[in-house]
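Across the two complexes that follow, chain A remains constant while its partner is chain B and subsequently chain C.
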Partner chain A sequence: MLPLPSEDKKVSPYLAFYIINSMQIGIVVLSFERFLVKEAGQDAWISVLIAGVATHIILWMTFQITIKGENDIAVIHKDLFGKWIGGLLTLLLITYLMTLFIMIMRAYIDVIQVWMFPHLQTWYMAFVLAILVYLYFTGGFRVMVGLCVLSFMLTIPLLMLKAFPLKSAHLSYLLPVMEHSPAEILSGAKKMSVIFSGFEVVLFCYPFFKQGIRAHKWAQLGAAFTTSVYLAAVLVSLLYFSEGQLEKTLWPTLTLWKIVDFPFLERFEYAGIAIWLFVMLPNLCLYIWAVTRGLKQLFSIKQKKSILFLLLLAIIASSFITDGVQIRNFSATIDRISFFILFAYIPFIYLYQWIWQKVRKNK
Partner chain B sequence: MRRNKRSSSAFHSSEIGKLIDQCCKSADFVTFQLKDSPFFISYFQTLVDKKVLHRDILTILKDKQFISLEDMKHAIQVEDLVLTTELSSVKQKLMQGNIIIYQQEAQPSCLLIPAFLQENRQVSIPETEYSVVGPKEAFVESLDTNINLVRKRIPVPEFQIKEFSVGKLSKTRVAVAYIEGIADEENVNTVIQRITDIGYDQIIDSSFINQMIADNKNSPFPQLVDTERPDRVASVLMEGKVAILVDGSPSAITGPATLGEFFSAFEDYVTVWNIASAFRLIRFLAITFSVLSTPLYVAVLTYHYEMIPQDLLTTLISSRAGIPFPPLLEAIILEWTIELLREAGARLPTKVGQTIGIVGGIVIGTAAVQAGLTSNVLLIVVALSALASFTTPVYQVSNAIRLIRFPFLIFAQLLGLLGVAACTAIVVAHLLKLKSLGRPFLEPVYPIRLKDMKDALIRLPFNQQTSRPLQTRTDNKIKFRPHSSPPDKRDIDE
Partner chain C sequence: MRTFLIWVTIAIILVLNYNIERYVLEDIQIITAIGYDYMEDDTMRGTVAAPFYPQGQDVKPINASFTASGHTIHSIRQQFQREAQRKLASGRLQSILVNKDLAERGVKKVVDSFGRTTFIGRDTKLAVVDGSTKKLLTSNYPNAQNLSRYLSDLLEESIVRMAPNTGLHSFLSQMEGFGQDPFLPLLKREHDHIHYVGLALFKDEKYVDSLSFREGYIFKMLYENFKYGIYEIKYKDTYISIENLRSKVKYNISGSSTRPVVTIHVSLEGKVQDAYGVPLHTQKRIRKVEVEWEKETLEKAEKLVRKLQDIGTDSLGIGEKVRSHFRHFNKSSWESLYPDVQVRIKIKTNIINTGIVE
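This part shows the complex of A and B:
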C-alpha cells in the first residue's frame, strides 16, 4: 500500500469537472450515433438522456466507494477481499483499462487511416501517440489534469460547428416521438451507457483530489455536461440525416464536418481530426496513468519503468489489429466488459463495502 | 633606522603586506609614503576618484601631523571610513576602489577610505521596450542608479534590498528587491537561495543570473521577465513579486512570471482598458499566427489541398506554379532568409543595418519571387509571421517564438495537420510542466484562477483591479478598496 499523495501533487476539487468530462468524451463521439439509431431510431435522444441519468447514479456510487475507502480502488480491494482476491480484482481492472487504452488508440489511428492518410503505418502513428503520452505522463498527475483543462478549452469551439448542418435540418425526422417501444429505447440506452464510461478513472485518482467530497459535485456537473454534448451531437445527426443514412454512416460527426465551409476553409474534417488529438490525449494519458498506479500498488513497480513497458505493449498490440472490422469486433467485446464493470461490478463493490462496513461497526 | 627596517620586513611577511606586494606588480597600483610620517598610502589609480583623493584626503594629511590612524579617521571628512586589521575586508575594499592608509609594521591596521570612481551612462530612453506614451526612463549599468530609479517610485520603508556578491572572479553585486509584507517570503527565499547557490565565476549581466536561477534551464521560454523599465519593475514589486538587479547590467529580472506576462507591455496600463485589452488580444493572435501560419501552409499544401476553397486554390496554384521546391523546402529557405536578415541586422551598426533591411526585404524578396524560387503567398505569410513575432513586448520571448517554428515545420511535413497538432501538444506539455520560481507558468489558465484573469488575456479597468495576483501567493491580497458610490437613480435627461 502506498502512502497517500503529498499535498503538492494534489489538484483542486473543481478540476474533477474537466477530468470527468474529458475522460467521457473520446473517440466514440465521432461514431456513436450509428449503434444508437439501430436500436432506438429517431428516439435515440431519449436513450441518451436515460443513459445520462444512469451515469449520474453510477458516478455517485463510484465516489461513495472511494469516499468511504478514503483511498484508491487497489487499497479498497485489499481491505474488502484480502491480499490475494483483492489483488486479482485490481489486476483485472487495470487489464481492462489497458485494453481500453489500446482500443481507443487503435480506433483513433483507424480514423486517421480512413480519413487522412490511407497508407499511414499503424505502428508509426502509435509511436507518435506514445511519445506524446509519455511527455505528459512524466509531468505527473497535475500536468495531465492541466491537459484535460486545455483540451476542454481547445475543443469546445468544435461544438459550434454543429450549427452548419442545422441549416438543412428537418424537424420532421424527429417525429413521431416515442414511436419505439420502451424496450428498444432501453437497449439503445444500454449501448449508450457504455459510451459514457471513462469516469472509472476516479477509482484511481480520488486520493489526488484536495477535498474528495467536494470533487464529487464537480464530477457530477462534468457528467451532466458530457450528457448535453452527446445530446447535442445526437440531435444534430438525427435532424440532418435520415434514419437510413445514419445507419450506414460510420462516423456521422466527421461527415457533418464536411459540410462546414468558410471562405478560406473547406473539408473541415482534416482539421477536426487533427484537433481531435487533444480529445484523445487526456483519455490515453489518464488510462495509462491509472494502470501504472495500479501496478505500483500491486507490485511496487516504479511508474517511470512500467510506463515504458506499457507503451511498448500498446504499440505492438495496436499494430496487430489490422482492419476496421477487427477494431469494431474488438470494441464490441470491450463494450460488453465495460457494461459489466459499470452496472454490475461498481454497484457490487458499493453494496459489498456498505455491508462490510456495517458488519465491522457492529463487531 | 634599524628598527624601522626590521618592522618593514615584518610587514612584508604579514598577510596584508603580501597583498600589497602582489598588487604592486600591477602598473596601475600606487604606493607612497607620506612626507615625514610613518604612514603609507596605497590605491589603484584606475579605480579611485582623484578628486576625492586630492580634495578630501591629501590636503588634510599634508596640513597636520598625525600620530595614529585613529586620529586620522576622525579628521578625514569622508563617510564610511573603516579601520581594520582583517585581510579579507582590506582585499575586498581595495578592489572596490578604496584608498588604504597603513603603517609598515608586523600587525598592520589599515584605514580604508572609499573613493570609488563612478563612470556612469546617463539615464536614457528604453530601446528594446520603447513605449510611445508613459515614462521614458531605462535602467543603466550602475546598480545604485538603478535602485534609485525604482526606490523613488516606491517611497516606503517596506521596500527592501538584499545585496549579495556573486561570481568567484567577477564579485558582481546582485541586489534582490522586494516589498516586505507584500512579497511572499517563500518567493524571496527561493530567489536568495538560488542566487547564493550560483558557483559560476563570472556574472557579467543580469541574463546570466536569469539563466542560472531558472527552474528549467533547457527551456527556450524565459521563465523570468527581463526588463529595462524601472516603472515595470516598480509595478510588479507592488504586486508582490521579487526583482533582481545586477551591477553592470541595464536590465532587471522579475518573478515569479506567467506566460501572459511576457505578452503584456507596460503601455497596456497607460492606455484605456478596452483599447489595451484589444491590443493585448491582437498580440496573442499575432503570436499564434506567427507560430502556426507557415507550418499550416506546408501541411495544407503538402497533404490537404482539398481543404482550400476553389477560388483560393486558383490563386495559390498560380502563385506556386513553376516553383521547383516542395512547400517544406520553400518555407525553410524563406524562414532561414528572414532569420539571416534579422541576425545580420542585429550585428551590424545601426546605419548599415537599415540598408540591410532594405536590401533584404525588398531586393531579395522581390527577386526571389520573380526568379520563381518562392511563391508570393508564402513570402507574405513568412514576412507577416516574422513581423508578428516582434509584437512581444519582452525581447527574450520573441526569440523562443521564432525558434519553435522550425520543429513545427518539420512535424507539418511528416504528418500534415496531425503533425502540427502533435507539435502543439508537445509545446503544451512543455508549458504545463514549466514553473517560475516554483509557481505554475501557465497560470491563470491552468490552474484556473478567474480572479487573475483580470490582468491576463485582457486588462480590466483599474477600479476592477482590487486584488494582487494570486500567483504571487501574497498574504496582502487587497490592493485597494474602491469607493462604493450609490447607484445613480436619476433618469436620463433629469
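This part shows the complex of A and C:
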C-alpha cells in the first residue's frame, strides 16, 4: 500500500469537472448514434436522458466508495476482501482499463485509416500515439489533467459546428415522440450508458483531489455537461439523417462535418479528425495512468517502467485487430463488460462496503 | 546518451516507414465534374471533366476530359488514370451527372459509391441529363470559359431560385428514408448552353417521370419556403408576372391513420412586375388579381399533386409527414394508400406592391 500522494501532486477539486467530462467524451461520440437508433429509433434522445440520469447515480456511488475508503480502489479492495481476492479484483479492473485503452487507440486509428489515409499502417500510428501518450505521461498527473482542460476547450467550438447541418433539418424525423415502447427506449439507454463510461477512472485518481468530497459536486456537473453534449449530438443527427440512413452511417458526426463549409475550408472533417486527437488523448493518458497506478499498488512496479511495457503491449495488440468488423466486434464485447462494471460491480462494491462498515462498527 | 540513442532510433523508425500517399497540388489533376451514361446491360460509360492548368503565370485552365466504360464507379476511375498525365484527385468533385437512360435503370450503384467514399463532400450536386453526359461534359460553351465551373454555378447558384435545393445528401436521405422519394434537376445541352429543363422524379432509385420547368416551380412552392422567382398568370386577355417575395408552406394532417387527409397551406407574397394594360390603382382591382393568382396557382398545384399520386412517387415527402403525425403508423400499407390519399391545397395570396407606378 502506497502513501497518499503529497499535496503538491494533487489537483484542485473543480478540475474534476474537466476530468469527468473529457473522460466521458471520446472517440465514441463520432459513432454512437447508430447503435442507439437501431434500438430506439427517433426516441433515441430519451434514451440518452435516461442513461444520463443513471450515470449520475453510478457516479455518486463511485465517489461514495472512494470517500468512505479514503483511498483508491486498490486499497479499498484490499481492505474489503483481503490481500489475495482484493488483489485479483484490482488486477481484473486494470485489465479492463487496459483493454479500453487499446480499444480507443485502435478505434481512432481506424477513423484515420478510413477517413484520411487508407495506406496508414496500424502499428505506425499506434507507435506515434504511444510516444505522445508517453510524453504526456512523464509530465505527471497534473499535466494530464491540464490536457483534460484543453480537450474541453476544443470540444466547445466543435459543438458549434452542429449548427451547419441544422439548416437542412427535418423536424418531422423526431415525431411522434415516444413512438417506441419503453422496453426499446430502455435498451437504447443500456447501449448509451456504456458510452457514458470513463468516469471509472475516479476510482484511481480520487486520492489526487484536494478535498475529495468537494470534487464530487464538480464531477456531477461534468457528467451533466457530458449528457447535454451527447443530447445535442444525437438530436442533430436525428434531425438531419433519415432513419434508414442513420442506421447505415458508421460515423454520423464525421458525415455531418462534411456539410460544414467555410469560405477558406471546403472539407472540415479532415480538420475535425485532427482536432479530435486532443479530445481522445486525455482518455488514453488517464486510462494508462490508472493502469500503471494499479500495478504500482499491487506489485510496486515503478510507473515509468510499467508504462513502457504497457504501451508496447498496446501497439502489438492494436495491430492484431486488422479490420473494421473486428473493431466493432471488439468494442461490442467491451461494451458488455463496461455495462457489467458500471451497473453490477460498482453498486456491488458500494453495498458491500456499506454493510462491511456497519458490521465493523457494531463489533 | 542512452536516451538520445533511443530517440534517434524512434525517429529513424518513423521516417523510414512513412508511406502515406501524397497529393501535391502541382502534381494532381482535379476532377470537378463527372457524368455517367448507360451503355448496355450493366455497363456504364463515365466521363470526367478535369481542368488542366498549364504552367506559367496567368494561364487559363484547359477543359480536359476523360472517358471510359466499366461496371463500377471506381473501376471506371482507374480507366481514366490510364490516359491521364497526372494523378486524378476527386476531393473537389462538385457535380455528378447521370444520364436519363441510366437513371431509368436505377442510380443506386452510382450514389452508393459516392455515399460510401470519404473523398468527396456531402453537398456535391447531382443532376440528371437528358441526352449524353459525355456530350455535355466535352462540349465547349461560348458563355463560360470553364465548363465545370459553369456546371457547378448553374446547379448551385442559378437554379436554386427555381428548383428545390438538392444534393448528394438529400438524395441519399430521401432514397433511404421512409415516405419520400428523391428528385433531381434535369439538364439538357441545347444551343451551346446547358439548359435546366425541369425536375427528374425518382421512385426509390429509378427515374420515372419529369416535371416541366413551370411544374418544378410549383413543386418548389409546395416543398419548401423560399423567396425568389416569378409567377406568370393569365389575367383577362393579358399576362401579369408577379415576383415572389415570400412563399411559405405548411402541412396539416388530419383524419385517421388509415384514411389520412393532408392539407397543404401555402401563403404567397408577391410584387407585380409586368402588368401591361391592367390598371392597378384600387384595392379592389389588386384584390381581383390576387384572386386570379390564387385560382391559377391552386389549379396548377392540384394538377401537380394529382400527377405525383398517379405515378406513385412521393416526392413531396407526404408519407414522412403522415408517419410523424400518427403514432404506430403502419408503414407497409402506405405504398398502396398513397395514390388515394386526399390532399387539399389552400393558397393565400397577397400582393404587397405594384412597383413604382400605379
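FYI, the second predicted complex is superposed on the first by the 363 of 363 C-alpha atoms of A that agree within 3 Å, B and C clash if a C-alpha of one lies under 4 Å from a C-alpha of the other, contacts with A are read in each partner's own complex, and residues count from 1 in each chain.
Just so it is clear, a contact is a pair of C-beta atoms (placed from the backbone, for glycine too) under 8 Å apart; a residue touches a chain by one contact, two chains touch by 3 or more.
All figures in this text were calculated on a predicted structure; none of them were measured in a lab.
Chemist: Please work out whether A:261 is in contact with chain B alone, chain C alone, both, or neither, and reply first, second, both or neither.
Modeler: both
Chemist: In the superposed arrangement, does A:117 touch chain B (first), chain C (second), both or neither?
Modeler: Both partners, chain B and chain C.
Chemist: With both complexes overlaid on chain A, does A:182 touch chain B (first), chain C (second), both or neither?
Modeler: A:182 contacts neither chain B nor chain C.
Chemist: Does the superposition put A:128 against chain B (first), chain C (second), both, or neither?
Modeler: both
Chemist: Taking the superposition as given, does A:82 touch the first partner, chain B, the second, chain C, both, or neither?
Modeler: After superposition on chain A, A:82 lies in contact with neither partner.
Chemist: Tell me the contact category for A:146 with respect to chain B and chain C: first, second, both or neither.
Modeler: A:146 sits against chain B, while chain C stays out of touch.
Chemist: So in the superposed three-chain picture, is A:14 touching just chain B, just chain C, both, or none of them (first/second/both/neither)?
Modeler: first
Chemist: Across the two complexes, find the residues of chain A that touch chain B and also touch chain C.
Modeler: After superposing on chain A, chain A residues 116-117, 128, 261, 266-267 contact both chain B and chain C.
Chemist: Considering only the defined contacts, which chain A positions touch chain B in the complex?
Modeler: 11-12, 14-15, 112, 116-117, 128, 132, 135-136, 138-139, 143, 146-147, 149-150, 153, 261-268, 270-271, 273-275, 277-278, 281
Chemist: Applying the document's contact rule, which stretches of chain B touch chain A when the two form their complex?
Modeler: Residues of chain B touching chain A: 303-304, 306-309, 312, 415-418, 420-422, 425-426, 428-430, 432-433, 442, 445-448.
Chemist: Per the contact definition, I'd like the list of chain A residues that touch chain C in the complex.
Modeler: Contacts found on chain A: 114-117, 119-121, 124, 127-128, 131, 168, 170, 172-176, 179, 240-245, 248, 255, 258-259, 261, 266-267, 269.
Chemist: Okay, in this complex, where on chain C does chain A touch?
Modeler: 10, 13-14, 17-21, 91-92, 118, 121-123, 165, 169-170, 172-174, 176-178, 180, 320-321, 323-328
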